[in-house]
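Dropping the structures in below, format is structure tokens.
Look at the two complexes coming up: chain A is in both, with chain B in one and chain C in the other.
And now, the complex of A and B:
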């Protein structure tokens, strides 16, 4: 009897084994390896790595080191993008969901699909399309502005327009996903609540504030956290659309990390920057979770 | 009556916003059929004066530095094989953890779910070094394997299997089926919708990934379409909007069509994931 239990456990383990191996090789080992790299003076071309302890980290916090600039300038730019994009990703995402839900049943699916289509496009295509639309001389938007006798806008080469362009392209690309999540949440709000609200004479707006918003709060939190993480990971849009410019004002942290790793070949520094970035992201997610849940 | 005006108003707004979503794609298509001279000419022309297919011919022509068809093939191959691999290992693991007597089950579950909170940037450089060490940069392996470690699918399927009625499996076991047969004949067919959802999620994230394939490949024939386009934008296509737009149209249309077909299950899947 004992033996057959042992045997059964073995065959059951075989179900988990393939994934476990992939998990170890492509997640657990890299995490440990990355931490180790960050503790070394690790030049990509030099096979000898010198263990330096936390020196790479202390360089990041040492204001006389170029790493300090690289990390905190990049972080500042990334956080700017997060601050500009996340509120819009949530508000417009919810707005589109409400709009789609208010449409007659027959055309609901059509519009939901249309708003969701750009999500299927890859970031390089997004960048190329928007570069062409926002082009200073031949771009569609500036041509329309000229037709209206309005001054043309240097969309990608001047501040704050560069940020605005990046946010617009990002919204166009990803807002559909948030919308779909909000539509699902809205459909789960019990109909009786609205009926009760209507009986009490609540206006559309009051029903939204007092019934809809509290009911979809968990979804709000989910969208807030996932949108923040996605915006923190921004790379493709500034890399392809503004190349970090004008100057380095849209050069985000991930671009600086990639440059430090593959242009300067200082992998130890870059690994330390990655770990710090991840640490900041985790802290922000936890804070968002705590703050949103406290009010209950 | 007031309700009716409201409805008309809502539909109007929906149409205006829909235009904002579609115009960039239409403008891309319009430019792709124009000569460059016309594309740069001032004034907005939605329909090209001289309708040309030259841009498409050029983009699809067999150019050793920019093998566009090969890139699309790479993307499809990497996306499909990565997705299949994820589906196989994730369904097995999720079923094992949800139903079978796996030792240290609780520990595995909490480690896998906990790993979902780890930002991807942590593993990015060390993964690169790992593949570098084994000489696997610039191969299909580096474009496929890293995506398989993600615990999202295990988590999604685990939740589904936990809610799946046990009676069906027990009946099959009484009939003398072994675990493997129960899994293949009873459990998998029932999980088809969730599996389909996971497939779309996975395929899209592999197909559209940018930074990873950008840094881990460098020979022209190993590029995916997403990274290939980005490199072309800086190279031979930089001064030709027509060619660039033809190229992006070629890359976009299949993905968009697939997406329109698959999005219903995708949306249903969002519902099932418990993202509420």
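And now, the complex of A and C:
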């Protein structure tokens, strides 16, 4: 008995091992190395890296330093995107899941695939597709608007349109993932609950509010946190579609970090900014987790 | 998640430097050397249509002699300086000779990473007189000489000949100055057809267009080592440029990234300023286009903003046999860059642009070469990329009609000064 327990523990550890190795080599060590870089004055072209302690971090909070602008303006833009995109990613993802789930079994798979396909496309393709659709002077949507004698919309060159365009492109690209997760959760809700609800005279809406939503709460939390993290990491869409414009209104934090690292070659500063950004993301995720789980 | 991948790319790029440096270097090996030949590693960012052209030159060189073997490696343009930086900082897997843009030379020269070519050149006869003076002089930094030019790529004017004919203009005669440019642009603007005389880009390539107008006004981007973005010449240049949209209405408003290129491809943009690298795209699209020197849009003089490709040698290369090989190769390139010209570029070697009959018969390339004399490069200052960043975003705001030119340039100057005093 004892021997087999020891054996099963070994087997399970072996199953964990590949991931553990990957985790150590591709996450833990790089993060540790990044943390070390952030404590140095690390110029990519200078072989001597001077240890400066937390000076790179204090520069970020020093309002006379350009890093302060770079970090907080970028952060402000990134947070705007998170605030605009996350509620839609959840609501529309859930809405699509409900719609697809209500379809007859035979075409359900087809529509699930259709909505999921964009997720498999790379960001550059997404950007090109939407640049063509949204082009101010020769794009598809504005052509239609002109044919209807409506004023054309500067989709990517004016506020708030630039944010709207970025959110639409992101929704189209990634909504399939949230939808699939929600579909699985909806399938796990016991059918008897709905039957009982219907017998007691609950309307469709009431069944949704009092049965569906509470049942999929853990999934909701998962989707909320992953969507927030994903939106925080926005980079490709503004980099390719608006180039941060108009002016610097859609220049998000990751764009600034990449510039600082590889255009200015200041790896120390960039690493400090990255870690600070990661720290903010961790705090937000923990808060989301705490707030959603409080009632239980 | 997909977007998580972007975190992966950005963060791991920032963090996993060591491993990147080791593996990104030796990817595309074109030939392995056999026996006694001296191998020379050569890096270039020619991942576009120009790559095969350079590959031909290198292969011809390798066939022409047996002493040296040049190993040509193409590194994708977007990763080029990243990879170069990592090679320089690790001092391993670093190339023996590489291509560098003119506006990057200062960054590397300041850190003593490039070889002073003064002595190498004197010994072997890669001579100043064999190249365009403009291109050669760009390699003079801090009293030393660091580079051998390959080409200069200045801004040029493309125009749609069919639209010229339709507007009753001579399709062989492009506008030469501001007045002509304006009157042409107005004649070529047909609101009912949504056709415009000159669609003003609001982002790239304003990095080339704005300095061109500014230089033509007799102004400069820097003065006494400080940003000088809000000089009267600069304000005049930006006012004129903005007027094309707001006052003369020869351009639609709110042009997005590459919107002017799309309209040029669709035959709805009659005149277009861009670099010589656009040629293959127009050829593929089958547009009936003409090429001309940039008109004098400024008020004082003819001038044009340019960048260039140059050969440089890392300071760490000291093996004399290698250096001899590199010089031999560069001498060969100077005489045999006709192949390079085929990509639309004009080589900076006089053997080609002054003396080759074949070159002079080409359509675009001789026009590019005709601008060499008055081409001007980016200010020679470390981190020009960062320092100029506020200028481009403020120009973007002005051209989108959100700021007046004076205010935009004042703001850009203030931000740049802050960057300089960091």
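Assume the second predicted complex is superposed on the first by the 271 of 296 C-alpha atoms of A that agree within 3 Å, B and C clash if a C-alpha of one lies under 4 Å from a C-alpha of the other, contacts with A are read in each partner's own complex, and residues count from 1 in each chain.
As a working rule, a contact is a pair of C-beta atoms (placed from the backbone, for glycine too) under 8 Å apart; a residue touches a chain by one contact, two chains touch by 3 or more.
These numbers come from a predicted model, not from an experiment.
K.L.:
Name the contact category of A:47: first (chain B only), second (chain C only), both, or neither.
P.N.:
Touch partner of A:47: chain C, not chain B.
K.L.:
Going by the contact rule stated at the top, is it chain B or chain C that touches a larger number of residues on chain A?
P.N.:
Comparing touch counts on chain A for chain B and chain C gives B.
K.L.:
Thinking of the overlay built on chain A, is A:157 touched by chain B (first), by chain C (second), by both, or by neither?
P.N.:
Second partner only.
K.L.:
Answer with first, second, both or neither: which of chain B and chain C does A:258 touch in the superposed model?
P.N.:
After superposing on A, A:258 lies in contact with both chain B and chain C.
K.L.:
Answer with first, second, both or neither: which of chain B and chain C does A:37 touch in the superposed model?
P.N.:
both
K.L.:
Could you look at A:221 and tell me whether it touches chain B, chain C, both or neither (first, second, both, neither)?
P.N.:
It touches nothing on chain B or chain C.
K.L.:
Can A:186 be said to touch chain B (first), chain C (second), both, or neither?
P.N.:
neither
K.L.:
Look at A:145 in the shared chain and tell me whether it touches chain B only, chain C only, both, or neither; answer first, second, both or neither.
P.N.:
Neither: A:145 stays clear of chain B and chain C.
K.L.:
Could you say whether A:236 touches chain B, chain C, both of them, or neither, answering first, second, both or neither?
P.N.:
In the superposition, A:236 contacts both chain B and chain C.
K.L.:
So, A:244: does it touch chain B (first), chain C (second), both, or neither?
P.N.:
Touch partner of A:244: chain C, not chain B.
K.L.:
Once the complexes are superposed, what residues of chain A are shared between the chain B interface and the chain C interface?
P.N.:
26, 30-31, 33-34, 37, 119, 123, 131, 137-138, 229, 233, 235-236, 254, 257-258, 261-262, 267, 270-271, 274, 278
K.L.:
Inside the complex, what are the residues of chain B that reach chain A?
P.N.:
7, 10-11, 13-14, 17-18, 20-25, 27-28, 31, 39-40, 42-44, 88-90, 92-93, 95-97, 100-103, 108, 112, 115, 117-130, 145-146, 148-149, 151, 154, 179, 183, 204, 207-208, 210-211, 215, 225-227, 229-230, 233, 241, 244-245, 248, 251-252, 255-256, 258-260, 263, 266-267, 270-271, 275-276
K.L.:
Would you mind writing out the residues of chain A in touch with chain C in their complex?
P.N.:
26, 30-31, 33-34, 37, 44-47, 65-67, 69, 119, 123, 131, 134-138, 154-158, 170, 173-174, 177, 226, 229-231, 233-236, 241-248, 251, 254, 257-259, 261-265, 267, 270-271, 274, 278
K.L.:
Which positions of chain C touch chain A when the two form their complex?
P.N.:
1-4, 6-7, 9-18, 81-82, 85-86, 88-89, 91, 107-108, 111, 113, 194, 199, 202-204, 252-259, 262-263, 266, 268, 383, 385-386, 389, 393-394, 396-397, 400, 402, 418-419, 422
K.L.:
Spell out the part of chain A that touches chain B in their complex, as residue ranges.
P.N.:
Its residues touching chain B are 5, 8-9, 11-13, 15-16, 18-20, 22-23, 25-27, 29-31, 33-34, 37, 96, 99-100, 102-104, 107, 111-125, 127-133, 137-138, 140, 143-144, 146-147, 172, 180-181, 183-185, 188, 218-219, 222, 229, 232-233, 235-236, 240, 254, 257-258, 261-262, 267, 270-271, 274-275, 277-278, 281-282, 285.
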